[in-house]
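Next up is a structure, given as structure tokens.
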Amino acid sequence: MEQRLANTWRFTVNERKFIETALLSDLRVDGRRPFDYRNLTVNFGKEDGSAEVQMGHTHVMGFVTAQLVQPYRDRPNEGSLSIFTEFSPMGDPSFEPGRPGESAVELGRVVDRGLRESRAVDTESLCVLPGRWVWAIRIDLHILDNGGNLLDAANIAALAALMTFRRPECSLGGEDGQEVIVHPPEEKEPLPLILHHLPIAVTFAFFANENSVAIDPTHHEEAVMGGRMTTTLNANGDICAIQKAGGEGVLQSVIMQCLRIASVKAGDITEKIKKAVDSFNTHTALKKIKRHPSSIPMDVDGADSKLREKQKSLVDKKATIPCPSENVVRETKSLDQ
Amino acid sequence: MEFVSPEGLRLDGRRPTEMRQIRAELGAVAKADGSAVFEMGNTKVVAAVYGPREVQNRSQQLSDQALVRCEYSMANFSTGDRMRKPKGDRRSTEISLVIRQTMEACIMTHLMPRSQIDIFVQVLQADGGTRSACINAATLALADAGIPMHDLVTSCSAGYLNSTPLLDLNYVEDSARGPDVTVGILPKLDKVTLLQRISCRLCMTDTTGEYKGIRISTRWINYNEG
Amino acid sequence: MAKEQPGSPASFVDQLVVPGDVVLDLSNMANQTIKLGSGLRQESDAISVTKAGKFRLSKPNKYWVESSQKRYVPCLGDSILGIVVDSKADNFLVDIKGPALAFLPVLAFEGGTRRNIPKFEAGTLLYVRVVKANPGMNAELSCTDASGKAAEFGPLKDGYMFECSTGLSRTLLSSPPCPVLEALGKKISFEVAVGLNGRVWVNAASPSTVIITANAIMKSESLSVQSDLNLYAWMEDICSSCGVVYGDTQTPAIQPSIW
Amino acid sequence: MRGTQLPLNQTQKVRLQRALQQLESLSSKINSNASVTVADSIPVNYEDGVLKGHGTSELNGEIIATVCGIVERVNKLVYVRALRARYKPEVGDIIVGRVVEVAPKRWRIEINYSQDAVLMLSSMNLPDGIQRRRTAIDELNMRSIFEESDVICAEVRGFQHDGLHLQARSQKYGKLKRGQLLTVPPYLVKRRKQHFHYLEQYGIDVILGCNGFIWVGEHVEATDDMVEEQVSKSEQQTMNSDGILTDMEEQEQVSTPLEIRRYVCRAANAVRVLSTLGFIVTIEVIVEIVNLSSSMNLDIHEMLGSEFCVLVTEKEVERRTLTKKKG
């Protein structure tokens, strides 16, 4: 009993009351106004398809990988997209190790709904051989530090990772033209994913007293709030998903107001992500130019033929295609959605 | 596919803003403290409430309010093709969370400290709108158990197909992959507590239609209770 | 750093030390009595460091390692801020950021008797004093000073509480007064209670003042050895980030020293 | 109204319906529009000042119900009596419960309330009947008094900081043996002066616990003395109770006669019938039903059939009409 009390995070009555009263005069503890977003920084890893998002103390990492698998029977010419979340106790002591908890599942589902149901990723272009091989895109979201509003951060991390992800190009070969050859990145430039639009999640917190609303709640504010609503919109103002899972009741007019604010924020965040991705892309492009120039003016017969040999052996190796053994949890559009 | 005929009728003969027939029955599970069966057309859901009772896992006991738990499940035979889904998949975990948070918001939990309320919801037949039916059933079961609440939550779904807003989607309309929304409102306070929208590219549909439907359902529930 | 002269204490005093550093060699210091504080360990003649921090000497012969950490190790006589977690028949259980919950006996209040036991709900913030701190035991607290008077101890109402490192809270309590507090105090009026366990409580007439003060103190954590820093500019920066104008243009008299 | 699940044939259905209608017409005049559902506003006269009781809350200056039930008004107090809810204890209630845990110095007892009730070793008469401090040995012997899943009878003592406390400071309280425990919705048991009943003609005891737990069992001498027993009485009485104890031990050896067992079952079934029909459970009605069933030469199991249920409903109508006329 005492052990349990010793390990939980404490919250004083003073903090709770102060957060609520300050909100009444449109102030928040970290100096923001109710509808200010925290500073957003997006960093990218060395490899393609990894992104780190930092918003205040919140720190989320997104990692995208792809694998050739057999398509689902009902959609033979579409690739798939699946999202996995990892809430390790490192990010917050309240996360328990082991199977994902309720909040991890909800986060995954909301990000998933925003991305998949709104068809942000073009899954048809992921098809290699209809009915046989398609690319399965897997997004892993790791919570490194919980400073509140994990959902928005995770969504941005997923988007940024998707935007920088490159999948190897592949072509059909063999005698019957049914064999898939995956070209290594040295041989053919890997392809980016086709993203139709960027669904941005914007979360609002609702407080019990006097119907106060705040955008992008911190960890402390999340402990005080009575309800939460996550709206997923893109820069065009299309609503892709809304999640308000119970909690404090809110007037219809407030929801409409939140949607309007969210569409503005979605535009801002889209800008930021695009800027970060652009600078990353130019950065990597520059690196390539620096790395390769020595090889380009090389004489033809020496190094180049060697390179070709190397490529050949690589192609041979690729005859063994990775088997779709991994169990990818798939969530079909269920009956009541 | 044509979901609304030129005459303005839907596949099952309803008008766009017409609900399916709803039927509710209290006291379906004798052992439970409160229970209800709720039907919306062919969707049929049973909810049972146990409690407030002693907290089973004493480390979860809250000294100032009741602990609310919810478990949602779908019977294997509830859909057309019998499925064998493992218990506790991601979808049911999420719906359990949604139902729990919705109910928690209207139960006066501070009146029952150090106790626990369990809500069990099972879908017996699924024909679209199971989420709404579950919420409605759970509300009725809680009322039947005599648990003090701020308001009864009522829920309904709506969608947008063939550029027409449709109320209370059935399975066929639901699987058309058009935008749809599930709303849960507190009719007395006129506030929205649950809102889930899944859609692709859509401007805002007017929600008046669905509100109308929900009002009807509220009235009906009240009648049923009386 | 400063590895040249093990054995001569002066070489290490006020330097950063890390675990494993041998700071004193007793063989060179025959017929001297020294007192060791926290973070030091004796291995025959060598005194080595067990935690990272600054090596301190209090004349004539007290040595300890001063470090800044998030958790707090209870120490006799410290004034700290605790949060009530639960109340039992004889004790309140209080969280002090320490290794274990501390006990606050229900009678440890001024004029406390069985009949007038105060009622604290879970989450109440208390300014208390550590009266028993033995390793392996839950610390014991008291809401009275040594003479049994309430003094300033007791529950803190309203205001805002935030957490910082124990090092910062020590700086805030140092004398001469901490420059940040002093600079703030010149411009605005506020109440502050600093617990040595790395908790600070701030209260003022308006929420905006509380927010400025809290953020200024929180951000001074990272503001360390920058003697040339203009405190005023820094302060204004914080104020503008909090959406408040800091006030008149006069520069505070005191420049930050090293802390 | 909650539907009763009885397999009825056509005539039975008509009869039942008619009887229920009559019942409704008999009662509705008293409480016509006092029933409310959750979030219904309750009309009150604010000029007199209003005290909000259980099942009400205030919203925008209006008093609304938070449970489904009947509005009750006592002077300024307005409260809603929930139709169906768990038991709400009141000090002095006599309850029947089941031991779920033997804890240090106390038993935890399930009584159909939102928490388990606590019966302290110190608020319980020891088997030797002597008033003294409880020793460690007494604590070790707690399982010889009650152990897990024993059914006991006690009185509500009140709320302490750690929950609801019970007491059993009289010989009439204690472990219940050789009988049946029935659970009915608590609102079917009304608080009365007397909850212990000895039906001499059948040789059985019926205890109507306020929490909806009803005990029907073979008569035990100790409960014969139905007058409130004071704890602090002369030693003579403790000796007396000692005597009873040995009596009980003797009785334990002989098994319950078949005849009494039959009556226990008959009375239990009478309670079950009342519970399915949703009628208030009182000792008079139980006796009436038991008599009715024996006079009709019904087998015990036939009492739960639909025909008998319909009959009981019709009897109830008769009874209420009579009381109404008298009134």
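Letters are used for the chains, namely A, B, C and D, taken in the order the chains are written, and counting of residues starts over at 1 for each.
Definition applied: a contact is a pair of C-beta atoms (placed from the backbone, for glycine too) under 8 Å apart; a residue touches a chain by one contact, two chains touch by 3 or more.
Just so it is clear, the structure is predicted and the values come from calculations on it, not from any experiment.
**Student:** Which contact partners do chain B and chain D have in common?
**Tutor:** Looking at chain D and chain B together, no chain touches each of them.
**Student:** Looking at every pair of chains, which has the largest contact count?
**Tutor:** Most contacting pair of chains: A-B.
**Student:** Taking each chain's centre as the mean of its Cα atoms, which chain lies farthest from chain C?
**Tutor:** Centre of mass proxy via C-alpha means gives D as farthest from chain C.
**Student:** Which chain, with its centre taken as the mean C-alpha position, is closest to the global C-alpha centre?
**Tutor:** B
**Student:** For chain A versus chain C, what separation do you get between their C-alpha means, in angstrom?
**Tutor:** Inter-chain centre distance comes to 41 Å.
**Student:** Taking each chain's centre as the mean position of its Cα atoms, how many Å separate chain B from chain C?
**Tutor:** Taking the average C-alpha coordinate of chain B and of chain C, the gap between them is 52 Å.
**Student:** Take the average of all CA coordinates in chain A, do the same for chain D, and state the distance between these two points in whole angstrom.
**Tutor:** Between these chains, centre-to-centre, one finds 59 Å.
**Student:** Could you say which residues in chain A touch two or more other chains, in rising order?
**Tutor:** Residues of chain A never touch two or more of the other chains.
**Student:** Would you please write down the residue numbers of chain B that are in contact with two or more other chains?
**Tutor:** Counting only residues that touch two or more other chains, chain B contributes 151, 189.
**Student:** Pull out every residue in chain D that's touching 2 or more other chains.
**Tutor:** Nothing qualifies.
**Student:** Inside the complex, what are the residues of chain D that reach chain B?
**Tutor:** Within the complex, chain D contacts chain B at residues 2-3, 35, 37-40, 55, 57, 59, 64, 66-69, 82-86, 100, 110, 114-116, 163.
**Student:** State the interface residues of chain B toward chain A in the complex, per the touch definition above.
**Tutor:** Contact set of chain B toward chain A: 58-59, 79, 89-91, 93-94, 96-105, 126-132, 151, 157, 171, 174-175, 177, 180-182, 184-186, 189-204, 207.
**Student:** In their complex, what parts of chain A are in touch with chain B?
**Tutor:** 1, 4, 102-103, 105-106, 108-109, 113, 117-119, 197, 226-227, 229, 237-252, 255-256, 259, 329, 331, 333-337
**Student:** Under the stated contact criterion, what part of chain C meets chain A in this complex?
**Tutor:** The contact residues of chain C facing chain A are 83, 85-86, 93, 95, 100-101, 121, 123-125, 156-162, 201, 206-208, 210-211, 214-215, 238, 241-243.
**Student:** Using the touch rule from the top, collect the residues of chain A that touch chain C in their complex.
**Tutor:** It comes out as residues 2, 5-6, 10-18, 21-22, 25, 27-33.
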